[in-house]
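Scrolling down, you'll hit the structures one after another.
First chain A sits with chain B, and in the next complex the same chain sits with chain C.
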Partner chain A sequence: MSAAAASLAPTGGQKDRVAWLAVPAVGYLAIVYALPLVFLLARSVTGPEGFTLSLFVQFFSDPYSWRVIWNTLRIGLLTTLVCLVIGFPVAIAMARAKGLMQVALLVAIILPLSIGVVVKAFAWQIVLRRDGVVSQFLVGTGIWSEPQRLLFTETGLVLGAANVFLPFMILPIYSVVKLIDPRLSEAGATLGASPLYRFRRIFLPLTLPGLVSGIAFVFSMSVSMFVIPSLLIGDRFQMLATLTGRSFLLMRNEALGSTTAVVLLVLAVSIVVASSWLAKRLGGTQ
Partner chain B sequence: MTETASPAFLDVRKAAKAFGATTVLDGVDLAVARGEFVSLLGPSGCGKTTLLRIVAGLLSSDSGAVVLDGVDISAKPPHHRDVGVVFQSYALFPHLTVAENVAFGLEARGAPKDEIRATVTRFLDLIHMSALADRSVRALSGGQQQRVAVARALAVKPKLMLLDEPFSALDRKLRETMQIELKRLLREVGTTAIFVTHDQDEALMMSDRIAVMNRGRIEQLADPATIYKRPATPFALEFVGLSTRLTGTVVEASGEGEVLIDTTHGRIRAPGRFVAGSPVLAAVRPELMAFGETAGENTIRATLSDVVFQGSRIQAHFEAPEDRPIQIESVAGIPGGAVPGAEMALSWRVADTLLYPAPAP
Partner chain C sequence: MTRIIKDGIDRRILLAGLGAGALGTLSAPSVLRAQTRELVVGGAASHKPWVDAHVAPLFERKYNAKLTFEGTRSLVNLEKMQKNKDRPYLSVVQMDDPVMILAVREQLLEPITAAKAPNVAKLKPGTIHMDGQWANYLQPWQGIAYNTNVLKEPPASWNDAYDPKFKGRIIIPSLQNTEGLPNLFMASHLATGKPMAEAARDTESGFKKLVSLKPNLLTVYNQMPQAFSLLEQGEAHMIVGALSSFALQRRLDGAPIGLAAPKEGIFPVPSGIAVVKGGPNQDLAFAYVNELLGAEIQAKIAPPTFALPTNVDVPPPPGMPTGVAIHTIDWGFVADNRNDWVRRWDREMSM
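Let's look at the complex of A and B:
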């Protein structure tokens, strides 16, 4: 698709002129996003005597910092994994569904995006309580012997976060699967390939760009989430984003806050860069 | 290939398929001998692709059986059938190179590495694409993609090859080249093939036998010469080649299997057995007709409407309803330089007359 689009795109000067359409967006982002980031970055490398990396040295030499980084990565990975395991089959089912069924599924995926994260997190608080539906269900089916609280546990956090981020896993996979010609699998079958072999050699490679972007979306969003952990797990458990927030809002420790913010930023940016590089490489063969 | 002597290699028995209320295949029987090249010829929507998909196992039939090489494969999934398919859209694997596409089937079957390499080399050579082995299939022309699709299907040496209008996307010149190349390839590999087309010239040129399909049934299955010279039904007659067609009523049936017919353009005789009063359709191929009267044979009179020059011969059309045209092909040209509007006599041999019950309007 990208090759066709490129070959059909207007060439030379005209293409350059089209780029001007992005100016308002770039300007807006520069003012509300890039500028504060520059201040933040500057703050993290300035000490009383000007430029210094001492804040970072201090941060990385504290074992607590490493625990926070590990918390962040672990929750990010688990959330991504849950989204992948649930979202991949859903995306396939949606892409292969016909007519009204497909529309209904799409609406079911997209509509929840219009509900604010805070609302969803509060809803999960109710669901995950000791007397919440999850607990009641597990006790009722005999899996748990007595009611337990999932709220303020890592399991509860991952469940809640996965729920919020699931559409961002499903939609990119769905859009890629939808473009795969079902004849390809049939062709594989007539060549003697079993369903599993076809999945591995035809379906998976063609779906990979979608998988990569879904994983990148969910992972980068879940390592930087703030509201969800604040409401579902509380202060005892810190991730990079919550620590940043606390530093600025509660502890008035701008030095620590800007340091953790930059660490988080570097983490998120490297995920996005790595995944778009990967998607481009994989997408180049599709 | 004889029609009945050897037991069929592929035997499709009473295959039926309906999508909802529409019957797409109406109990199709098709027997193909080993090594034979059979074309399925028919108009769009008559069920050709559906029949192929049932044979390949990509679609299950509502009833009937598919027997290949003595084994009933009706219940087998496609990957256990050993039936290769060349899809109309080619369906090449876009993420693989030319060589990887050709190797796919062998790899899926777990063939040894050096055997795969040798086979791929051989097939790329056969389709004259060795130089493009490592090219992505997305960077190929239509004709090249088509060749890769054929090589990919043939590389696993399937018992049976099914080709669904593989040339329909190609221009005329390339099409003719590909027709010859495909026949050569199939001969070299020795594969039995069913070839779907709605191009009658393609079918007549390439096939050992042709199955003329209409509305989910095979109306006639015979060698190309028989299909052309003795169409079994009015549909087969109209679908393949040109013809002069006259409707009429039998007025008298003689003892020698000949009937006398009153047509809109005069009284003619034709071989056939019908009782007096039957409505019939009489027809004759235009190249078997001649200008002028011939004593003892059929003669009609018609008004010339149009003359088309076709290089080696001319085609003359006469005033008649569109579904019952009167046309003649002649190498000699129009006698006496007759112009449109002239009434002319046309004649042909009684024995060349084809006769059918009149099709329902």
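Let's look at the complex of A and C:
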């Protein structure tokens, strides 16, 4: 660090004062997030006679609970995979695009975020019908011999969820790719590295922090989605979030609702923590 | 303000004026409240149009009161009553019968008596429940909604939904929804041939029969508008267990929908009304209940809600099914078993 830069950097006392800027946000989150979370956790380990883990024992002893957990993880993984496969090339294209093209791509990614999830889910209902565009395309190209239903299937759910969460995969990767100096790859080329080798050994490792962030975002949102599965696959396919919602809202079973909410929370937090650990291990900047 | 003071207005006069203004503003609602009392009614969001159009004008004029209708779901109204049990602000609730049972169990309701609501004496048998804890003011009915572009003839039997030709074309309500329950009872009746009252107790047979419907299911709905959207688009051919109040309104709006009353009979899905225990303005609350149980209001609200009136002096509106059995549901039995049924439903009806 240069002497000039060092003189501009905050001293220990200044750092302490700067930390106060976070107080409103911390206070807000403490009241509307942390406190309810404590109540939720407390409810999940409270029985008629005080502390108990019986709710969790009961939950994990039921084979149906494992089916719900598996549904949740499977849909989360598939949605993340679809977002990654579609989103990674788009993020690279966006980062490498110049001027108006880059603006157009950014707008195309960000603008759909302003459309509500319910509206998108209803739109997907039309797209996934037997006479919808997906079915017509697949029949027209000869992949399907006759129109088939995608609505209220796992495929339909994954497609709809990927559409909603795609920007959350693209944007973190884009922000990292944009910082990668293109001359690194060119330098590799001058040393005789093939395009595949340069991608695998230079470009991919440098994008890992963005990839890990995108995967963490999309996976944690996919496993906790409520409205999208409710509208695109319905009551016959339960995930942890839909089971939690139903337990509180309809069955009035706070014990089950708290338990499933905590299981979901642990799953989502585990993914975020593991991603963060992985990013650090792989030399990321997080 | 500085300029005004400089122009010669004394600061004390200005402050006094502001004080008086503030006092007047703050006290005005109290004065108004003293003149016009307010009655807060919690009901279904879908009821608001007819409450605003037919009930509120009559009630407000007759009792010099203001009616505030809070439209939401029955379970949310129950929650409001529970959370405000010590200081209730709702005076009347209009909820589904199964939710009324939960409210009775938590001692949240004030019984309706003929002395307080004389029109209770004019109700059909079976519409006053648990010693007057609540009463039914309307009975929307439940049959099979079908797409008229696809099916030229209405379904004649509840069993038609099980025909393999409807593979992936049938929608049924979830067992979480009140209108989801008749399918379970009817399935038992279809499977066993027992009279409906007896079949309704044999849910084991009902579940076995319902499981055989799975290949035909497009989906199981929680949200009625979504189900009707799929029916109107032709993706679904039938909604087995559709409410008249929704289906017939959609037909009136021009949707290609019919509502069949199958030969095995139809189910009324009663709309209940009750007075909240300890709620404000109890005299007004009973007056409101009395009006909804009375012939004048029921004659006005039965046609637009496509429901059967419960007051004996009001004839069924035109277009209501005739000559079919109307099966009533034992809501106490439902309340005792529903959570177990939902658990079983999840396991056996899942994909």
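Structural remarks
We take it that the second predicted complex is superposed on the first by the 272 of 286 C-alpha atoms of A that agree within 3 Å, B and C clash if a C-alpha of one lies under 4 Å from a C-alpha of the other, contacts with A are read in each partner's own complex, and residues count from 1 in each chain.
One rule holds in what follows: a contact is a pair of C-beta atoms (placed from the backbone, for glycine too) under 8 Å apart; a residue touches a chain by one contact, two chains touch by 3 or more.
All figures in this text were calculated on a predicted structure; none of them were measured in a lab.
With chain A as the common reference for superposition, the partners chain B and chain C occupy compatible, non-clashing space.
Of the two partner chains placed around the shared chain by superposition, chain B is the only one that A:Tyr197 touches, whereas chain C remains out of contact. Using the contact criterion defined above for the overlaid structures, shared-chain residue A:Arg252 touches chain C, although it does not reach chain B. Of the two partner chains placed by the overlay, neither chain B nor chain C lies in contact with A:Val32. Once the two complexes are laid on top of each other via chain A, the angle at chain A between chain B and chain C, using C-alpha centres, comes to 150°, given in steps of 10.
When the shared chain is aligned, chain C comes close enough to touch A:Leu151, but chain B does not. By the touch criterion stated above, A:Arg129 is placed in contact with chain C alone, chain B being left untouched. Once the two complexes are overlaid on the shared chain, A:Asp235 sits against chain C while remaining clear of chain B.
Closest CA pair between chain B and chain C after superposition: 48 Å apart. Shared contact residues of chain A with chain B and chain C: none.
Residues 75, 102, 168, 174, 176, 217-223, 226, 229-230, 233-235, 339, 342, 346-347, 349-351 of chain C are the ones touching chain A in the complex. Taken in their complex, chain B has these residues touching chain A: 56-58, 77-85, 87, 89, 91-95, 104-105, 107-109, 136, 138, 152-153, 156, 158.
The touching residues of chain A, counted against chain B in their complex, run 3, 181, 183-184, 186-195, 197, 201-202, 205-206, 285-286. Residues of chain A that touch chain C in their complex: 64, 67, 122, 125-126, 129-131, 149, 151-152, 154, 230-231, 233-238, 246, 249-253.
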